[in-house]
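Written out below as structure tokens is the structure these notes cover.
Letters A, B, C and D mark the chains in the order given here, with residues in each chain numbered from 1 onward.
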Amino acid sequence: MIEIGLSKRAVEVFGFDDIAIVPNRRTRGVEEVNLAWKLDALTFDFPVMAAPMDSVMSPATAILMGKLGGLGVLNLEGLWTRYDDPSPVLDELAAIHDPQAATKKLQEVYARPIQPELIGRRLAEIADAGVPVAGSLSPQTCAEFAPVVEKAGLDFFVIRGTSVSAEHVSSVHEPLNLKKFIYNLDIPVIVGGCASYQTALHLMRTGAAGVLVGFGGTAAGRARRVLGVEVPMASALADAAEARRDYLDESGGRYVNVIADGALGSSGDIAKAIACGADAVMVGSPFARAEEAPGKGFHWGREAWHASLPRGERAKFTTVGTFEEILLGPSHVADGTMNLVGALRQAMATTGYSDVKSFQRVDVVVHTR
Amino acid sequence: MIEIGLSKRAVEVFGFDDIAIVPNRRTRGVEEVNLAWKLDALTFDFPVMAAPMDSVMSPATAILMGKLGGLGVLNLEGLWTRYDDPSPVLDELAAIHDPQAATKKLQEVYARPIQPELIGRRLAEIADAGVPVAGSLSPQTCAEFAPVVEKAGLDFFVIRGTSVSAEHVSSVHEPLNLKKFIYNLDIPVIVGGCASYQTALHLMRTGAAGVLVGFGGTAAGRARRVLGVEVPMASALADAAEARRDYLDESGGRYVNVIADGALGSSGDIAKAIACGADAVMVGSPFARAEEAPGKGFHWGREAWHASLPRGERAKFTTVGTFEEILLGPSHVADGTMNLVGALRQAMATTGYSDVKSFQRVDVVVHTR
Amino acid sequence: MIEIGLSKRAVEVFGFDDIAIVPNRRTRGVEEVNLAWKLDALTFDFPVMAAPMDSVMSPATAILMGKLGGLGVLNLEGLWTRYDDPSPVLDELAAIHDPQAATKKLQEVYARPIQPELIGRRLAEIADAGVPVAGSLSPQTCAEFAPVVEKAGLDFFVIRGTSVSAEHVSSVHEPLNLKKFIYNLDIPVIVGGCASYQTALHLMRTGAAGVLVGFGGTAAGRARRVLGVEVPMASALADAAEARRDYLDESGGRYVNVIADGALGSSGDIAKAIACGADAVMVGSPFARAEEAPGKGFHWGREAWHASLPRGERAKFTTVGTFEEILLGPSHVADGTMNLVGALRQAMATTGYSDVKSFQRVDVVVHTR
Amino acid sequence: MIEIGLSKRAVEVFGFDDIAIVPNRRTRGVEEVNLAWKLDALTFDFPVMAAPMDSVMSPATAILMGKLGGLGVLNLEGLWTRYDDPSPVLDELAAIHDPQAATKKLQEVYARPIQPELIGRRLAEIADAGVPVAGSLSPQTCAEFAPVVEKAGLDFFVIRGTSVSAEHVSSVHEPLNLKKFIYNLDIPVIVGGCASYQTALHLMRTGAAGVLVGFGGTAAGRARRVLGVEVPMASALADAAEARRDYLDESGGRYVNVIADGALGSSGDIAKAIACGADAVMVGSPFARAEEAPGKGFHWGREAWHASLPRGERAKFTTVGTFEEILLGPSHVADGTMNLVGALRQAMATTGYSDVKSFQRVDVVVHTR
């Protein structure tokens, strides 16, 4: 504990930029590394999900992600469920270059109500392609649209908010009882983001198959300026991983996946997330660099279109290659934005680990710069 | 204690940029948050005052602040009490873009003496609008003009200097005896800035209703270069909050408000100020972005026009919206400079707190960048 | 140990930028400083090797390095052993200024296979000049080309990989058994890079004459983004120096040279490397500033031309003088990129040390900026 | 002690930028502050010397400094003693804007030998103006020119090198025996720079009236890159102040002045130097901003013209006012480069101190940014 002043103490926390993975006495050939990731009944080729953000996940890119061996999650309260054809809206957004003008436009286009029938249609499009189907809602819209979602049928349901707790207090709206909701839903649920041992533990107790760790994705820096809130990911994951271990014991063996959601701008961050205890990562911004990305070189999250308090700005990204190249390579850039899976495999080989679970034990060091 | 060298030790201190608020296991609907702030006999809708700086507070904007539910403080030794009509002066200043030329011009226009009759006139303008009236003097001018101020009648009197102590030593000028002065004055007094447990405690013992914590507002960085003095706010507030607790006990129940005054450039800083123990904040620079701000896109404090040793530079700000939008929203920027009150409410909801007093206990972490 | 979070601990580590050498009570004339460095049977005028990177070491510059009193190492799996005449390739590369285009071109030109007969020819060119001969291979190519190398005859053989361990695991390729390989080879071997006490100790036990400490040279920053891996050099060297001491005891007196390989961008870094325990340094980027450098103002390492996961970018450097001026002076710049040997001599004189071995004990301080 | 790695430990040290002075419970009127500084037989109005650097001290500006109440030191091995009339040389230098070209020109113009007769003439010019006379030599030239200096007659003799110790070892040149030299010289001596408790103590034992603390003035950052050596001033002064205390006891009452020499770019740094234990400061770069400065907007130190290893670059400064305004005000800039003495007085008043000696006890805090 550090003393901020006489009446306040605090712990020091660390983000991915503050730490590094260190090689040790053993190395391994990359061909020895097995990245398989099991989530409930399914096994994926690698522990990388694509985040439910309209700038990276459309039904088309979700299908592409599935065909490449991963899991794409569609945002069920975004443009694809508000507009019959969101293409003109995406074109209009891509034509605006001033960030403030973009914020106003985002506030405008997301003001259109969600069309329940579009939820079913989008999920069906993905299912028809024969890949795993996953969609997300926020806790606010969950109760209203969950029946539609459940009926549409999907493999994984993601409940994703900036900050989600198992104890939401409200006297105006009936708060979502997560435990009851998840118990009644016949689909494995991933829920978050959370940022501490206790919230992670409480969310695990709701029966979720996975818990998202993070706070607002790309907008983290902005949340620090707007709300004063920040969740450095290395520490948050190491806390959530401890909750996983304790819940495993307390539940007599239920293993809940800890999934990093935020601050994953490069393949190095993905390796560090796992080194800090994550079982998998949910990636946003690197996919915004794909030729197929619906954001057409721009990237934004939910927090960017809040009607009265936007907490993130739309960001500009340079397109570097195809979705497949970004995920699986080959890379022709040296900045950690291409061949995400290959880089993770190489990081594990370099440090002598052969599977994701054991790589959670790799040594890390603190080196702030 | 850290050893600087063999003959010197120091404590480590923290500013708002060094810390972050962290969410915990409970969240709350924004509608559950109550921001009411009681200062002496009055209760305000939110714990945000506007700072007595000529670039943000004119009689007109002080009235606007009051009508929106807050408290605006007029600088009683600034342009409004030196000039019958300061508009041409403000226009002239706004036409100068070179910072050094601006410093010289500020030194020149503030050389004009204070007109005592204008003090009364300005305060009457505010009072006529039916909002709470507050004005400020520095310790140097306090004794001379306080009788005029008292006669004019106001709800709160602010004694504000770069560094104010209860023990000022001078053999040339008779120092202001704060305790006696406040005892004799029939108006609740807010006094500061101070920066340590002991100064805060001594100022509380003078009978003040509130103590300002900080050192020279926007000019803090410059004071570090000019005087070598700096007061990182997170630590200063946490120390002053401890003084409040000890004084509450020693006085048998007198609760003195701790008011953050400085380094509040974004709504996130406001939330952090309260998280470190402040009861309220006195905000300057965010209001310089208002369309109605008298500074017309420029911002400066008292320290910028010192005749022989200016310790702050006039700063340029981009106008982003109306005074009301900046204070109460809606915001269309994501940088924490609009909807200050809404952002504070959201920060409290996100972390599960329903009133300002309890939010002083929210967890913070150290994450220097 | 620092707690990252509840389930993860880490040590804090330091790079050259985080530390400084401090003068003490004695100073010495530069003429009192002896920089002689003994490596196996040979003694060099100073403890500086030139790194086997195609942008700095050609047969011609390796000869130049030898004639100036040092040791140049030729990369035996680079352009000089893939092309009969690499000049046109180097010209083509130098004509490309866009870094991404350069990465693609590097991937292309290094795709051409190594010509075993060129290995012998290049080494013979160096030997003919009457200077010590040294060449390098990576662990991947070692087994295949070592016989050719051995036959060609050289004074030192360098096995250099991004991360080399004495325990490489692979079920596909037969891993190189370093201990056996070095035992059978009739040439003193330098092997690395490594980054920890344990790896260094294991590599010393293979019978190597020297161990390289570092991880990928100039590309270190990129490896942090791509792989999440980083090896701050000050800490890595101080750990390896401890391994040298322990191995000296365990082996009954075999002294293995610890050679810093990476992050040596200035003469100050060279002095710090020795202050942290290195016996010698292997320098890359400063030589890229030489008029004679084959890279013609550009610099790149092995990691820049990886076919599917490049981890370093080709960098642009300004040419400042001749190879001799850069190594031995005189300097006419004040940034630590000229007169590397003179600067090391001056650093030792300023702090009162007369030989490299004792300078390993000089006081350093931590001053992060 | 911090562990860099298994075989190396280090202390953490602090520069002026890492610390800040904090106000406390007492404040004071500026008129209460007494800045008088006693050095041997003379008392100055304030504890600020001007550094013997050719870009700030000519005979004319040394006289100006004396008339304003301070002490200017002339470099006795610079342009004024190498050239009968250095004006054309200074004009030529001022006409070169490229830093590298400037370094080469400096190496050239300082290659001209020192003219012993000019030493006497320059000192006489200063003496004729009726102000205290002070001149400096480096330890290398001391023995040769001291007799000329002594004959010329001066009030203070400064022996100033990048790193000076009481134990210089050389078998080629007969090292200067400082103790004997100072004992024989009939003028009070100031000697340095030094950077540690032990060196400071040894220099005090030579009989010096003052000890300079620092390492190469403005070139400190460059020395870090060129030599790896750096002396963060806050820690160095706090160590030297402890040596002063111990030597005071050991000598039975001889008080040796500790004089900060380096990293004093702003008035805030001057206040911090005293807060860390300095009795006085020797200032360079702020005077380079004076209209009268011989450097005509450029600034350089001894280390910039080293023939084979320059360790500092000539720097460009903006002229802001007269020498008198920079020293004594009034200031019209807010960056700590004008009214150095007024700023020190204000810093002491703000924190409640009335004399330099007691201000050495002011509280400082660590706040790295």
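The criterion applied here is as follows: a contact is a pair of C-beta atoms (placed from the backbone, for glycine too) under 8 Å apart; a residue touches a chain by one contact, two chains touch by 3 or more.
Small disclaimer: the values here were computed from a predicted structure and weren't measured.
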item	value
Set of chains whose contacts include both chain D and chain B	none
Homomeric contact chain C-chain D: same or different residue positions, threshold half	different
Remotest chain, chain D as reference, centres from CA atoms	A
Gap in Å, rounded to a whole number, between the CA centres of chain D and chain A	57
Centroid spacing, where centroids are CA-atom means, of chain A and chain C in whole angstrom	40
Junction residues of chain A, two or more chains touched	11-14, 235, 368
Touch relationships between chains, expressed as pairs	A-B, A-C, B-D, C-D
Sites on chain B touched by chain D in the complex	2-8, 10-15, 100, 103-104, 107, 162-173, 175, 194-196, 198-199, 202, 215, 219, 222-232, 235, 303-304, 307-313, 368
Chain C to chain D touching residues, read off their complex	11-14, 16, 19-29, 31-32, 197, 234-242, 245, 266-272, 275-277, 329-336, 339, 342-343, 346-347, 350-352, 354, 363-369
